[in-house]
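In the two assemblies presented below, subunit A is common to both, partnered first by subunit B and then by subunit C.
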Partner chain A sequence: MKKYLSFFRLRFTMNLQYRAAAFGGVATQFAWGFMEIMIFAAFYRADENAFPMSLASTASYLWLQQAFLALFATWMTEQEIFDTIVNGNIAYELCRPVDIYGMWFSRSIATRLSRAVLRCFPILIVAAFLPYPYGICAPAGPKHFILFLITLLLGLAMTVSFCVLIYILAFFTISPVGLQMIFTSMTDFFAGALIPLPFFPAKLQTVMELLPFAAMQNVPLRIYSGSMSGHEMQKAVFLQIFWLIVVTAAGKMLCRAAQKRVTVQGG
Partner chain B sequence: MTQKIAAVRLYCRYVSINIRCKMQYKTSFFLTAFGQFLVSFTAFLGIFFMFQRFSRVEGFTYSEVLLCFAVMLMEFSLAEMFARGFDRFSKIVKSGEFDRILVRPQNEIIQVLGSEFELTRFGRILQAVMMFIYGIAKSGVAWNFSKVLTVIFMLIGGTAVFTGLFLIYAALCFFTLESLEIMNIFTDGAREFGKYPMGVYGEKMLLFTTFFIPYALIQYYPLLYILGRSTNRLLMFLPLLACWFLIPALLFWKFGVRHYKSSGS
Partner chain C sequence: MITMEHVCKSYKIAKRNAGFGEAVKALFHRDYEVIHALKDVNFTISDGEIVGYIGPNGAGKSSTIKILSGILTPDCGTVLVDGRDPFKNRIKHVKEIGVVFGQRSQLWWDVPVIDSFELLKDIYSIPDSHYRQSLEELTELLDLSELMRSPARQLSLGQRMRCEIAASLLHRPRILFLDEPTIGLDAVSKLAVRNFILELNKTRGTTVILTTHDMQDIEALASRIILIGKGRILLDGTLDDIRRGGDNIDETVAELYRTYNI
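Let's turn to the complex of A and B:
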């Protein structure tokens, strides 16, 4: 465990150094969030009663999404890990007395957390001062806020275990671009990154909420704005834990299978 | 003139090398093409499901938005297919590969363009073509010669604008070495938010996209003409006007090349 903690610490402190990049990221995410909200505002002008969430809670959802983008964005995979597989440096990693899965997992968590720590505060602060209904609202209640923090971490773990699964699949396909792209567009759609899940037709939404993708950003962001009932929240947290165990176990199994027949590329 | 022909021939050669290279990884090629397809397909599903809840946004119906989305996607995909080399330009600059490009007796833009020809964008083009046919069939527009011509102008203008943006994106690397994340707003962001006519975003956004970065010229104004909202024939030619955007982009690139300080090892 100590090994993985130090992997985590190393990555975390290393990434905190990239402050200029974080500044650029904040500006981008701010512009992006602004455009999203303008679109939704136009929709709400068209017909305010057609939507399951109020514009204010949609705006909260969107700002939280931008603030914690680094925790959940599946396109932010670590190119370095793919590179080690493609160029053969994976051989060195395999020689180390650590479990590859654990190493990649702690490393990815650290990268995502450090990025989010650098980026979330400026976005949240500015969004808090925006006029109603375009800014971010206070959480629905103290209970909601605590649950939000817990599910945020669960969602992060879920995203990372999914990403590690993709890294491992790259052992089999060698060039990871395609795999990554399919995975990213699937998660964007099913996790509520493109459109919050309540905006889908009721039947589709019920199915989508059961899928592992919904266990990522969907749960914490909706709990924060209070768009889930008590029973729904319980179910969502349970599903998060369930999928986390399933996906992690699948990743570990696949990792073992991949390690049995590793082909080291490059020269 | 012969020089130009030679340049085109060189570019074609680059493309053929690139394709043969990519074809070495067949599974990955098809996965990537499929991935590209999915990316824009989910964007379409987004529009589809949103319009289940209301019938029009700022006076544009579902089928009209669809037409807008299709044209924008097509413009972007065409530009991306040809000018993708600029997208990974930061790598070329950082590794010092640009030195090698400069010493060769050929135009540097052609060489950068040829460094990457994304045949996998084929997936996105395919999706764009499908959307385009679907959008046109569903739009209920009474097509005539001038309207068809407008669409062609839109495709030309749009490809030019996006190519210009890619060019600026790349030229910035001369100064920053890293590609700037914020520029994504103007390329990927434009594709993402350009699926709705620019008028949806309000007056200020419309002004910005008319005079600063001419998205509205390749999308909103000609669309008004096609949909019969306006009979002003001038709107037809606005997309061609947007091609002017390439000039400042090229000048900026030239400026960047002159200021290039070698890097890498």
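Let's turn to the complex of A and C:
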């Protein structure tokens, strides 16, 4: 366990040194957040009652999404991991007494957390001071806030587990480009990264909520703003845990198969 | 003790001719060619030996090293290192071995070298006292004190290689695989690395298997030479066995390759 914690620590401290990237990230997220809220506000002006969430809840959802983007964006994969597979440096990783899956998992968690830590505070603070209904509201209640934190971590673990699965698939395809394109556009759509899931037609939403993608950012962001009932929250947390176990187990199994047929590229 | 018996390894490689037309054709139909990297390789290496593993480009040297270090699975045959199957007991096996791939890097690119070392300490669960002692020794012998605090990306190839070698030895492996370890080293560093390997072998009895195209490395280090060509072991003997014809060691080896038509 200490090994994996060390990976985590080194990765975390390493990422804290990229200040310019963090600054750029914050600026982008602000621009993106404002743009999205303006679009939604324009729709709400037409008919406020036509929407499943209030504008204030939607704004909270969007700001939290922008603040914690680094935790959930599946397009933020680690190029270095793909590179080790493509150029064959994986050879060194395989001659260490560590489990490849565990190593990549702890490393990805660290990268995402360190990025989020650098980026979230300016966004959260500014969004908290924006006038109602364009800013971030207080959580629906103390219970909601605690559940938000728990599901945030579960959602992060779920996202990482999913990304590690993509890394492992790259063992088989060698080039990661196609995999990344398919999986990231799919998750962006199904996870509620483009539009929150309640905005989809009811039938489609029921199906989407059962999928593993809904176990990522959808749950914490909606619990915070109170747009889920008690029963829905219970079900969502259960599904998060269920998918986390399934996707992790699948990843580990595939990892074992990949190692058996691995070809180390280049000499 | 290392034994390889009847080991084979083949790779499937997609091949096509040059040109746009050929590339389009390859979208629909791919021609694969099976390359037999190793065909029935047999040898035994005892504890404490320094073996020079030589052969022309593409002979199967690196494949052998990768199989011995548990990275690749052989297609057939048995491999035993100190009684373990390197692939099946990978995690246990790699604790006892050190590997240097001369053309790759194991140091973290953006952080000081010492951070990579500290991570390796945790990965191999090296006790504090051992770690400090190893680090001191390696720093002195490979002259690393100036390099340790720089990020790996800012080191020259030779400087980085010295750090790579140190990184592979922190956990005091019993067996050391060196795959072209003297690439890019200047004369002084080369001598330092060679002396260091000899010293390690003498004091700790570390078994060393070395692949290189630098025949002076072989001359200085190897007490035994295994020649591989086209996936087969062609010769297993001492340096004197191959010293016929040719004035210097490079010519001798070139002559040897010609003799075996590899």
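Basically, the second predicted complex is superposed on the first by the 266 of 267 C-alpha atoms of A that agree within 3 Å, B and C clash if a C-alpha of one lies under 4 Å from a C-alpha of the other, contacts with A are read in each partner's own complex, and residues count from 1 in each chain.
Quick note on the criterion: a contact is a pair of C-beta atoms (placed from the backbone, for glycine too) under 8 Å apart; a residue touches a chain by one contact, two chains touch by 3 or more.
Just so you know, these numbers come straight off a predicted model, no measurement behind them.
If you put the two complexes together on subunit A, you find that subunit B and subunit C both fit without a clash. Of the two partner chains, subunit C is the only one touched by A:14; subunit B is not. By the document's definition of touching, of the two partners only subunit C reaches A:94; subunit B does not.
After overlaying the two complexes on the shared chain, residue contacts for A:42 are found with subunit B alone; subunit C is out of touch. With both structures placed on the common chain, the touch criterion links A:6 to subunit C but leaves subunit B unconnected.
In the superposed pair of complexes, A:260 makes contact with subunit C only, with no contact to subunit B. Across the overlaid complexes, the C-alpha centre of subunit A sees subunit B and subunit C at an angle of 90°, to the nearest 10.
Looking at the superposition, the partner that touches the larger set of subunit A residues, subunit B or subunit C, turns out to be B.
After overlaying the two complexes on the shared chain, residue contacts for A:173 are found with subunit B alone; subunit C is out of touch. Measuring only between alpha carbons, the smallest separation of subunit B from subunit C in this overlay is 5 Å.
Listed in rising order, the residues of subunit B touching subunit A in the complex are 25, 27-36, 38-39, 41-43, 45-46, 49-50, 52-58, 120, 178, 180-182, 184-185, 189, 192-193, 196, 200-202, 205. The touching residues of subunit A, counted against subunit C in their complex, run 2-3, 5-7, 10, 13-14, 17, 88-89, 91-92, 94-99, 260, 262-264, 266-267. Taken in their complex, subunit A has these residues touching subunit B: 21, 24-25, 27-28, 31-32, 35, 38-39, 42-43, 45-47, 50-51, 173-182, 184-186, 188-189, 194-195, 199-201, 204. Per the touch definition, subunit C reaches subunit A in the complex via residues 11, 62, 66, 69-73, 90-92, 94-95, 97, 99, 101, 103-106, 108, 110-111, 115, 118-119, 122-125.
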